[in-house]
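Take a look at these structures.
Same chain, two partners: chain A is paired with chain B first, then with chain C.
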Partner chain A sequence: MKIRTEQFNQLAAVEIEKARVRPFLKMVPEFLYRKRAAGLPSLPDPDAAQAYAAAVRAEVVNRLPDLLEEFERNATANGAKVFWARDAKEANDFIVKVAKERGVKTVIKGKSMITEELGLNDVLTANGITPWETDLGEFIAQQMNLPPFHIIAPAMNIPVEEIRDCFMEKAGMETPTVDPVELGYAARVFLRDKFQGAEMGIAGVNIAVAETGTVINVENEGNIRFSKSAPKTLVSVMSLEKVIPTMQDAINMIRVLARNCTGQRISAYVSMESGPKRADEVDGPEELFIVILDNGRSKIYQDTEVREIMQCIRCAACLNICPVYRQIGGYAYGGAYSGPMGQALMPLLFGLDRTKDLYRACSLCGACASVCPAGIDHPKLFLNFRDKDVKQDPRFNSQQRPAKERMFFRLFSLGMSHPGLWKLGARLFRPIFNLNAHDGVVSRMPGPLAGWFRKRDMPAMPVKPFHQRWEELKDKKS
Partner chain B sequence: MKVVSMFVPCSVDLFLPDIAESTVTLLRRAGVDPVYHQGQTCCGQPAYNSGYRQEAKAAARHFIELFGEDEVVVSPSGSCAGTVKFHYPELFQDDPVWFRRATELAARVFELSQYLVDVLKVDDFGAAFAGKVAFHESCHNLRRLGISAQPRKLLAAVKGAEVVPMNQEDFCCGFGGTFANNYADISESMVQDKVENFLGSGADVLLLSEPGCLLNINGYLSRKHPQKKARHLASFLVENMKEGRS
Partner chain C sequence: MNGSNMEEVMAETAREDILGRLRAAPPKTVPPRPHLPPMKEAELAGEAMVAYLMERLAAEAYTPFRVKDRREALDKLAQIVKEEGLTCVMASTDDVVAPLDLPAWGREHGVEVMQPGQFADRQEYKSAIFDRAQASVTGASFVVAETGSLGLVHGTDNPRLLTLAPILHIVLIPADHVVPALDAAVGRVFGQKGKYPSQFSFATGPSLTGDITGYLFRGMHGPRRVMAIVIG
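And now, the complex of A and B:
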C-alpha cells in the first residue's frame, strides 16, 4: 500500500465528515471495546494474565537476538527454510523468486498487516502473480482497492450496499442482497476455487515459538488455516518481534490476545506449523518458508527508550478505546497500522519527519496504555518522539521544529523561570487577548490560536488574576 | 494549624481565578492554613508535552526551588500536579542532585480532592444543591493519578444533589493542551461528543476537577449551548455552601 502518513490532517478531516454522516465509528469500536471488557473477567485473574503477557513481551524485546536465533535453529531443524529480510524489497524479491521458481500464478493469502507493510500484493501483481485475500474483510478491501481501516476489522467502515455492488461486479454474485450471511456465502463460493487452484499460500504470523520453531496464527474464519494447509508451498511472513520464548508463554498469549481483541476466550481457529508436512502426515504444505522481516526494527531495538513498541501483539484494544481513532478511523494514519499502536510504530519505521502528525495528534489521555496487554505506554513514546524532534536526534530522521515555535518556547521558558517577567508578560498579554471580549467572553481570535476559537470560546482574562486577589484573601482567615 | 502550599496552575491564575479562591475556602474549611508563593509561574507542561524538555527543565528547577521546602503542595489540577509528580523526576533522570530533589517533592504534591479526602479525611463541606449533576473523569486525574473515588465522595456529600450517570464519563473531552488548537477538527469532534453525552445525561450541571477540561467543555458550551455549564468541583462546592466563600 502507498504510505500517506504526511497527509494525516487532510485525511482526518475527510474521515470526520464521513463519520458524521454514518455513525459506524460511534458503534464498532465501542462494540469491540465492550466485548473486551466482558471477555477479560473470564480469566481466573485478568490482571495477572495481562501482567504475565506484558512481562513476556518485555522479555522478548530484551532478548530478541537470542530468541530469534533459537527460533531459526528449531524451525530449520523442523524442516522449514528461514529467510532473513533486511527490508521490504528483500522480502518481496524473495517471495516473488519462490513463486516464480515454482511457476506459481495464483497465491491465496491470510490477512496480515505485515504484508500490507511490505506492499506485497502490488509487487506480486506486477510480477504476473495474482494474490487473493481470503479474509472476508480483507477480501472486500482488496476488491475495492482500499487500505485496511482497522488492524483486525479492515472493512468495518464499508456500507453493506457498497459491498453488495462490489460483489455483483467483481465476485460473481448474481442476486443482489445486503444480507450479511448471503454476502459471506457469496465470497466463500467465489473464493472456493481460488483455494483449490492456488499453488502457494502466504500468511502472517501471530506468534513464533523459539523453543519449538513453531509459527502460530489465530483467526475466526478458517481461511488462514486453509491458506496455510491447502497449497503445496507456504510462505509465513513475520516481523522479527513476533517471537516468544516458550510454548507455555504462547498459550497464555493466545488467551490474552483473543480476549483483548474480540473478548473471545480463544479464537475460532488456532493453527500451528512446526515445519512442513512430514512423510506420515496427510495435511500441510510440502514446503514451508519463514520470512523474518527487519525493515527498520533492528534500529528500533537499539534505542532502549522506544523499543517497547515492539512488545505490541496487534490486538487492537488501543484502537478501540482511542478517542482520536473513534473520530477519524483508520485511513487517516496513512499506513497499515492505525490507532495508537500505529502512531507509535510508524514514526520509527518511516521516520519522524514523514509522520509528524501521528505522534502529535494525541490528547495524551492515556486510554491506550490503560488497556494494553503488552505493557506499552504509547503517550510516553509520543512524548519521546516530540523530544527527539526538538533536539534533532539524528536517529529516525527527526526534523527541526519551526523557528516560530522554537522562539515561543524559548521565551516561555524565560518567563517560567522568572516570575517578574512572567507577571509582566501576563499583564501585557491581557489587553491583546481581551481585544474582542464581550460580556467576559472571547469568541474570536485570529493568528496562532484560531484553531481553538473556530467552535469554542474562552473566558476573558479577568482584571485581577488570582495572584493579586491572594493579597486581599490571605489575611481574611475564617 | 498545618500549613499547605497552594500550587495554582497558570490557567487558573490568569483565566479561572475563582477555582483558586474556592481552593482557599475549602482548605480553610478543612482546618488547614493555605499559603501562596507569589513566585509561581507555569509548571512547564506545555513545553514538556511539545518536546521542549530543556525549556521544561528551566520551569522545573524554578518550581522545585520555590516549593522544595514545603511540607504539602496542593493543586486544583491533577494534570499540573502530575507534571510535577511524574515528569519532573523523568526530566532529571541523569542529574542525581536534581533527581533527588524532584522525587522528594513529587511525593508531597497532591491534587485537591485527593488531599481533602485521602489525607485530611474531610468529604462533607456542608454544600446543598437541588438538582442533577454529572461527573466527567479527567484523563490525568483518572489514569495518571488514579483519582476518581475522591471527587465522587465530595459529590456524594452534597445534600440534595443527584449524581446521574453519563455515557463515556471516562472519555477524553478533547482538550490535550496544544492539541485542542493544533488539531481542531479532531478536538472539536471530541468535545462535541462529550457535550452530547452531558446533555443526554439529563444533568443540570457537569462537574469536573480539571481546569483544562473546564476551559474546553465550557468553551464549546458557551458557543453552542450557552444555557448549560460545566463547573470545577471546588467552585461548585463553595458556591453551594451555606456560609459561602471565606
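And now, the complex of A and C:
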C-alpha cells in the first residue's frame, strides 16, 4: 500500500465529513470497547493480569536478541526454515522467490498487518501470483481496493449495499442481499475453492514462542487455519518483536489479548505450528518458512525512550477508546496502522518528517495508555516525538519546524521568562486582537492565528485585565 | 560462488546485521514481573468441572448434549445423523472415536463414514473433506472447562482440515478428557522438549465474524455449528 502519512490533516478533513461512515464509527469502536469492559472481569484480577502482560512484553523487548536466537534454534530444530529480512524488499523478494520456485500461481492469506506493512499483495500481483485475502473484512477491503480501516475489523465502515454490489461483481454472488450473514456465506462459498486449490499460504504471527520454536495465530473465522493447513507451502511472517519466552507466557498472553480485542475469553481459533507436517500427515504444509522481519525495528530498538512501542500486541483497545480515531476512522492515518498505536509506531518506521501531523493529532488525554495491556504510554511517546522534532534529532529524520513557529516560540519563551516584557506585550496585543471583535466575541482572525479560529471563537479581551483592576481597586481602598 | 550460495551468504549477513544491531543497543532495566493471580477455574475438578464446561459450551454457541456412556453417545449420534439427513461424514481415528468403529456403525445406520487414513494423497483427501463430508465426527485430545475450548493435537488421527472444513462438526468429549484450564496445553502438548505436534489448536465454538458492520454471527469459514456430546 502507498504510505500517505504526510497527508494526515487533509485525509482527516475528508474522512470526518463522510456521513455514511459516521454511524459505524459511533457504533463499532464503542461496541468493541464495551465487549472488552465486559470481558476483562472474567480474569481473577484484571488489573494484575494487564500489569503482568505489560511486564512480560517489557521484558521481551529488552531481551530481544537472546529470545530471537532461542526461537530460531528451536524453530529450526522443529524443521522450519527461518529467514531474516532487513527490510520489506528483502522479505517480499524472498516470498516471491519461494512462490516462483514452487510454481505457485495462487496464494491464500490470513489477515496480517505485517504483510500490509510489506505491501506484499502488490508485489505478488506484479509477479503474476494471485493473492487472496481470506479474512472476511480483509477480503472486502481487497476487492474494493481499500486500506484497512481498523486493525482488527478492516472493513467495518463499508455499508452493506456496497458490499452487496462488490460481491455481485467480483465474488460470484448471484442473489442480491444486504443481510450480513448471507453476505458472509457468499464469501465463504467463494473462498472455499481458493482454500482447496491454492498452492501456498501466507500468514502473520501473533506470538512466537522462544522455548518451543512455535508460531501462534489467533483468529475467529478459521481462514488462518485454512491458510496454514490446506496448501503445501506455508510462509509465516513475523516482525521481530513478536517473540515471547515460554509457552506458559503465551497462554497468559492469549487470555489477555482476546479479552482486550473483543472481550472473548479466547478467540474461536488459536493455532500453533511447530515445524512443517510430519511425513505421515495428510494435510498441513510440507515446508514451513518463517520470515523474521526487521524493517526499521532494530533502529527503534536503539532508542530506549521509544523502544516500548515494540511491546504492542495489536489488540486495538487503544483505537476503540481514542476520541480522535472515533471521529476520523482508520484511513486518515495513511498507513497500515491506525489509532494511537499507529501514531506511535509509524513515525518511527517512516520518519518524524513524514508523520508530523500524526503525533500532533492527539490531545494527550491518555485514554489509550489507560487500556493498553502491553504497558505502552502512547502520549509520552508523542511528546518524545514532538521534542525530537523541535530539537532536530537526526535519528528519526526530524526536520526543523517552520521559521514562523520557531520565531513565535522564541518570543513566547522570552516573554514567559521576563514579566515586564510579558506585560508590555500583552498591553500591545490586546487592542490588535480586539480589532476583530464583533459584539464582544472574536470568531475570525486574519494571519497566522486564522486556523485556530476556524472552528472556535473567543471572548474579546477586556481593556483592563483583572490584575490591573485589582491593583487599582486596592489603591482606591487604601 | 553460485547463485544459491550467494543467497545464503546474504541471508546470513541479514541475520548478523539485525542481531548485531539489537545487541549493540543500550540496555534498559525493566522491573521484575509482578504476581499473577491464578485463574479461578484452575481449581475445578470432578463434576463441578464438567458442569462448568457445559455452561461454557452453551456460552460459546456450541450445541451441547450430555449422555451417560458411549452407548448413549452413539444413540445421540444416530439421532443427529437422522435429523440432519447426513449421508456422508468423515471421522477421526483418535483415542475417543477409533474404539467406536464408526465405519461399521455407519453401515448399520445408512451413513458413509470416511476416515482420513483411507486417502492416498492430499488431493484426494482434500476433495473428500471439502466436497463430500457433510460433517466431521472427532474427539479432542482434551477439552478446557475455563473456555470451552477443544484442545486438538493434529496428526494422522485428527488431521487439521477435519475439524475445520465441514460445515458441521460433531465432537465427542469423554468426561475424563476435561481439564480445568488452558495451561494444560503447556504440559500435555509441549511438555516433552522437541516432541511437539506439527500443529496444535484450540477451537472454541463455531467460527465467528463481525467484519460486516460489526454484526456478529457464527459460521464464517470454519464450521457453522459444533455439536458437543459430553460423555459421563
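Basically, the second predicted complex is superposed on the first by the 454 of 478 C-alpha atoms of A that agree within 3 Å, B and C clash if a C-alpha of one lies under 4 Å from a C-alpha of the other, contacts with A are read in each partner's own complex, and residues count from 1 in each chain.
We adopt the following convention: a contact is a pair of C-beta atoms (placed from the backbone, for glycine too) under 8 Å apart; a residue touches a chain by one contact, two chains touch by 3 or more.
Quick caveat, the model's predicted, so the values are computed rather than measured.
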| item | value |
| --- | --- |
| Clash-or-fit label for the pair chain B, chain C on chain A | fit |
| Partner contacting more residues of chain A (chain B vs chain C) | C |
| Which of chain B and chain C A:A85 touches, first, second, both or neither | second |
| Contacts of A:P131 with chain B and chain C, given as first, second, both or neither | neither |
| Touched partner set for A:C362, first chain B, second chain C, both or neither | first |
| Which superposed partner A:W452 touches (first chain B, second chain C, both, neither) | first |
| Chain B versus chain C as contact partner of A:T212, first or second or both or neither | second |
| Chain B versus chain C as contact partner of A:P245, first or second or both or neither | neither |
| Chain B versus chain C as contact partner of A:D387, first or second or both or neither | first |
| Chain B versus chain C as contact partner of A:A77, first or second or both or neither | second |
| Smallest separation of CA atoms, chain C relative to chain B, angstrom | 16 |
| Chain A positions touched by chain B in one structure and by chain C in the second | none |
| Parts of chain A lying in touch with chain B, wherever the complex brings them together | 9, 12-13, 16, 323-324, 327-328, 357, 360-367, 369-370, 383, 385-391, 401, 405, 409-410, 412-419, 422, 426, 441, 443, 448-452, 454-459, 461-462, 464-467, 469-470, 473-474, 476-478 |
| Residue ranges of chain A in contact with chain C within the complex | 24, 27-28, 31-32, 43-45, 48-49, 51-52, 55-56, 58-59, 62, 64-65, 68-69, 74, 77-78, 83-86, 90, 134-137, 140, 153-156, 158-160, 163, 180-181, 183-185, 188, 191-192, 195-196, 211-212, 214, 220-223, 225-226, 228-230, 232, 240, 246-248, 251-252, 254-255, 262, 265-278, 280-284, 292, 294, 298-299, 301-302, 304, 307 |
| Residue numbers on chain C that touch chain A, as the complex places them | 11, 14-15, 17-19, 21-40, 116-117, 119, 121-122, 125-127, 130, 146-147, 149, 154-156, 159-161, 164-165, 182-183, 185-186, 190, 194, 196-215, 217, 219-223 |
| Contacting residues of chain B [partner chain A, same complex] | 8, 12-17, 20-21, 24, 28-29, 33, 35-36, 38-42, 44, 46-56, 58-59, 61-62, 139-140, 143-144, 170-172, 174-177, 179-193, 215-216, 218-220, 222-224, 246 |
